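One chain, chain A, links the two complexes that follow: it is found with chain B in the first and with chain C in the second.
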Partner chain A sequence: MTLPLATLSTLAWRNLWRNHRRTLIMLIAIAIGVWAMIFTAALSRGMTEQMVRNGLQTLPGEVQVHHRDYRRDPSVANSMAPPAGALLEALDQPPVKAWAARVRVPAVISSERGSRSVTLLGVDPAAEQALGSLPETIIEGRSLDLADDTGIVIGASLARRLETGLGKRVVIMSQDPDNDVAERGVRVVGLYRARLQGDEDRFVYAGRSLVQEMLGIGDAVSEIALTADDYRGVEGWYPQIAAAAGPELEVLPWTELDTFLGSILAVQDGFTLVFMVVVFLALSFGLVNTLVMAVFERVREIGLMQALGMRPGLILGQVMLESLYLLCLGLLLGNLLAVATIMPLESGIDISRVAQGMEMMGMSTILYPALHRFDMLMSTAVVIILGLLASIAPAWRASRLDPVTALNRD
Partner chain B sequence: MSDISCRDLCKTFHQGGDTITALDRVCLEIEEGEFVCLSGPSGSGKTTLLNALGGLDTPDSGEIAIGEHRLDGMSRAELADMRLRHIGFVFQSYNLITVLTARENVEFIMQVQGVPARERTRLASGVLAEVGLAGLENRRPAELSGGQQQRVAVARAIATRPALVLADEPTANLDSRSAAQLMDLFVSLNRERGVTFVISTHDARVMRYARRLIGMRDGRIVSDERQQPIAMDI
Partner chain C sequence: MWKRMAICLLGLCATAALAQEMTATDIIRKAMDHYRGLTSYSEMTMTIHRADWERSMTIQAWTEGEKRTLVRVVEPKKDAGNGTLSVDGNMWTYTPKINRVIKIPSSMMSQSWMGSDFSNKDVSKDTNIIDQYDHSLLEQYEKDGHQVYVIQSIPHEDAAVVWGKEILWVRDDWVLLEQQFWDQDGALMKTLKTLEIAPLGGRSVAVRMRMANQDKPEEWTELHTLVADFDVELPANSFTLSNLRNPRE
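So, the complex of A and B:
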């Protein structure tokens, strides 16, 4: 014998609205709790994604190919031949969407007023543009045109520190493969602005041919950076690049190139889940109180149902269903509220006034909340599972009421 | 089925440091189709006896059988099934589920029993009309008078055609006119359907309707008389 779900549903739904005010207050509490879970997760995801994207832009790429000894000693001595054969074939087909071969060496840049240690990048502008690794904003002058461009593009902050500017000549110095000093006087043709001021100070862009010629390395390059626009799924596709590169070269995903950056994603999901559980634990006290009060107020009616022949299991089911309705309504409202508040903010929240030091963490002062379906599903699962667990006690208590005692309750 | 048999029923309650004897070796036989009133002052044990007969309360010792079903020794779930299938209840107050309409209240037990929806609706409409509530099916308890609420409770109690209806002080909260109407309804159901009624009351007006009047005091049956009902010409 089972009571049709329709009957339990009707009873649960109507009982829910016996005390409108209490139910509404609880609904608002659940909705705000759910909204807080999703909104905080969206902010946190936005920050994380931004950190990862900024990090990938700086690396650059989701995968890099190097000489096997380059990471141990990132000098020009550990350069490699430009991609050819199977590697070139792999780079030119999906899932790879863009790649660039570059020379990357530590260098010193000097103006007439000062010197700074920098990372000199000899790039092919067209390939770097496709990779998305060139500076986004040229504030003065121009960007590099071709791989054999003879000018240099430096960060605005570096220019300030060197007290130099557009059109001025600077000297760049590095070591050639024989450990001799290689230097070249070049003219500043462009100043760029980066999202992170540290990048402006650190990276200097020159044509790849100019740097290769200065270092005397022929057409050798230091690294090949590539992207498939799928940084989360990199573990799935990078092995085929590694196989094409062969054992002489080292192919690493971004998670291993920058282990800090790699660990962020892993920590993110755990942090979001813990936060959601903590928020709901606070909420669950209100939920339990609501259900206990709802049961307490209709002890006689529950006694009547039992007297009429409703089994304890059905009483338990009815109270649990009541809780489920409350949770589902709260979830619906909370999710709608989250979508309504996060979507308009996805173009960015300027937090520069309160978080000027954020770039030290690899983040910009514009925060981009990221609404993920996974977070909405996770908050739903947390609320339903913990909510029903919290409801078991009052529901069990209702089901175990003695009908005679319940019917005689004042 | 509705033959009721009790043997040496005992039930005590503990209140503070005192032990109260609610039933003291009660023996009772009620035959199918009888119209019985349990009378006595408050605390005489009539409600406790009624609860024991309905499987709502478990005696400390003794035997209860309704038809061929022994109630003593049944689990909570088995007692719930017994009440659901064979016994109708009418209580003094708080008889109805307040969030359900009159029709839904009547259909409630049938839903628990698994009666198909169309059959439920047909039975509920018929029985509500039978108790004089045609047209009021969709009202909730708060929209009905006390007498009308008791009639809904009676309709619910008889809708599944139980052989036994137990009523605990059913007229206690009703005015004289409503009480008379309710008792007339009980009598006609007893006569026309052969439903066995056991009613606990200390209202002399109700006792006049009984064909058998059992008096209780201090948990014991002190009188058991058959009488000619005087409230109706039967």
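So, the complex of A and C:
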């Protein structure tokens, strides 16, 4: 005889609510557990996304083109001619959304009271603007106007360290392709603030032609940065740029330019899964306990059903169904709770009180939790699969009861 | 009576004419030429003074024109043979202990030269002041029977100079009396001051000069010139890397 599935589910559902206080407590436990999984995943995903975005902004771009030896020795000797021909064509059409050619050399900047080594960026402001790689916040003065701007823009923190300021002259020094000193005085026309203080100290922006003239390299550039607004799919589209650039130039996606940044995304998924499993392990004790108690309280009843001819398989199924209901309800609640709490926070959580530690990790002081469908699905899968596995033991015990002993229990 | 007045007048005119002929730039150039000559050889002691220590070394220096300088340490023994060669704004050092010639990278040009209050830049580019600044005569006065010109030099907009201005006191026999380095806010930062003038090598020379930092009065470097010869015959290879490494007498 087969009991229809409908009857079995009704039985399981009603059994679940016979002791509604225990069920409710368990539901809350599962809901909170699920919420914690999703919330933490969203937080850490927000952090990593921020790191990647910050990284891409300072890198900058999702793909960069260099002279073959530039990354090994980022000196001005390893610069290249500005893009032309096939490469220029590839840069000017989709999927590339924006690109900029820049001179990037190590340099020293000095004021009357100090000197510091920096990375001098000779940029074309219009192109960089499209790339989003210029400092966002100019706190004093102006940003660079044109590629032949004769002023420089330095970080507010660097200005403090050099004890210089807006409108003052500083000297920038670097080396020309013959290793001779190349230097000139320039006026500070703007101070910027970056999200990371380290960037403020490190990057000095000047007009591209000014830097090219100082270094005596004609119109050569050291780096072409480009973006397609698709950093996850970069592996798919960057080979066509590489093909257009030819073998003389090195074209690399951000995952290889900054391997730390590149590995973050992969590590992130693994980390989230491990965390979910750990949270669930704590939860599973509660779940198993609930089911064991439910079975224990109903020993005589199960014995009766068996005596009436119910098969052990169906008893097993009934207990498993109970567990499934409990898990599904908990998941529903937990997911709703997570959406309800994360959505309002997506505009950012200010954690500037612990800012310094965060900066060391290359993160900014505002955390943007990111709710991903993938994380919700993953937590659901973890809870259902592991939950059902955990319920097998009590269900198995229930189905293996001997009807005679069970009925005679008092 | 008339005669005397006429002579006086003539004298006045002559002085005015001299001042007019000499622009501030000329005065600076004269002063630079005066202490370097076409070529020069000198021996001096450099004393570096700090609050809790002081040390001296004896050095030899050769110069040719405005762009070539070779400096070599004679004493103390542990530093003997250390040399610095500067040609056209580039600079190399040689240390016998490691037997290497090292080119000073641009990143180190503003660092101290041999631990003194002079920077590498001061040593390699000290004549830059002639072309990279705008000079103007601030005043002119008489002292100890000499005319003294006070000249303000403001670096060009794109000059590789951090100072806001420099003020130089030059005597009419072209001895540099004092050189002040001012920052861009109008505060005095460093002073190179002549403490003693004596005839040497056929001309008056500032034999004792002190470079001092305005903020740290306890820290200074003094250059005491012992021997100076000007317009001497120098071998053609004086300012080469091989001469820096293997001195030929």
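Keep this in mind: the second predicted complex is superposed on the first by the 407 of 410 C-alpha atoms of A that agree within 3 Å, B and C clash if a C-alpha of one lies under 4 Å from a C-alpha of the other, contacts with A are read in each partner's own complex, and residues count from 1 in each chain.
Definition applied: contacts are C-beta pairs under 8 Å (C-beta built on N, C-alpha and C of every residue); 3 or more make two chains touch, one makes a residue touch a chain.
Keep in mind it's a predicted model, so treat the numbers as computed, not measured.
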| item | value |
| --- | --- |
| First, second, both or neither for A:E256, with chain B first and chain C second | neither |
| Which superposed partner A:S117 touches (first chain B, second chain C, both, neither) | second |
| First, second, both or neither for A:P312, with chain B first and chain C second | first |
| Partner chain in contact with A:D269 - chain B first, chain C second, else both or neither | neither |
| Touching partner for A:R18 - first (chain B), second (chain C), both, neither | first |
| Which superposed partner A:A182 touches (first chain B, second chain C, both, neither) | second |
| Sites on chain A touched by chain B in the complex | 1-4, 7, 10-11, 14-15, 18, 300-301, 304-314, 403-404, 407 |
| Touch list for chain B against partner chain A, complex | 51, 54, 56-57, 76-77, 80-85, 89, 91, 94-100, 104, 108-109, 111-114, 156 |
| Residues of chain C touching chain A in the complex | 88-90, 103, 105-107, 109-111, 155-164, 181, 183-184, 189 |
| Touch list for chain A against partner chain C, complex | 106-108, 110-113, 115, 117, 150, 164, 168-171, 173-175, 179-187 |
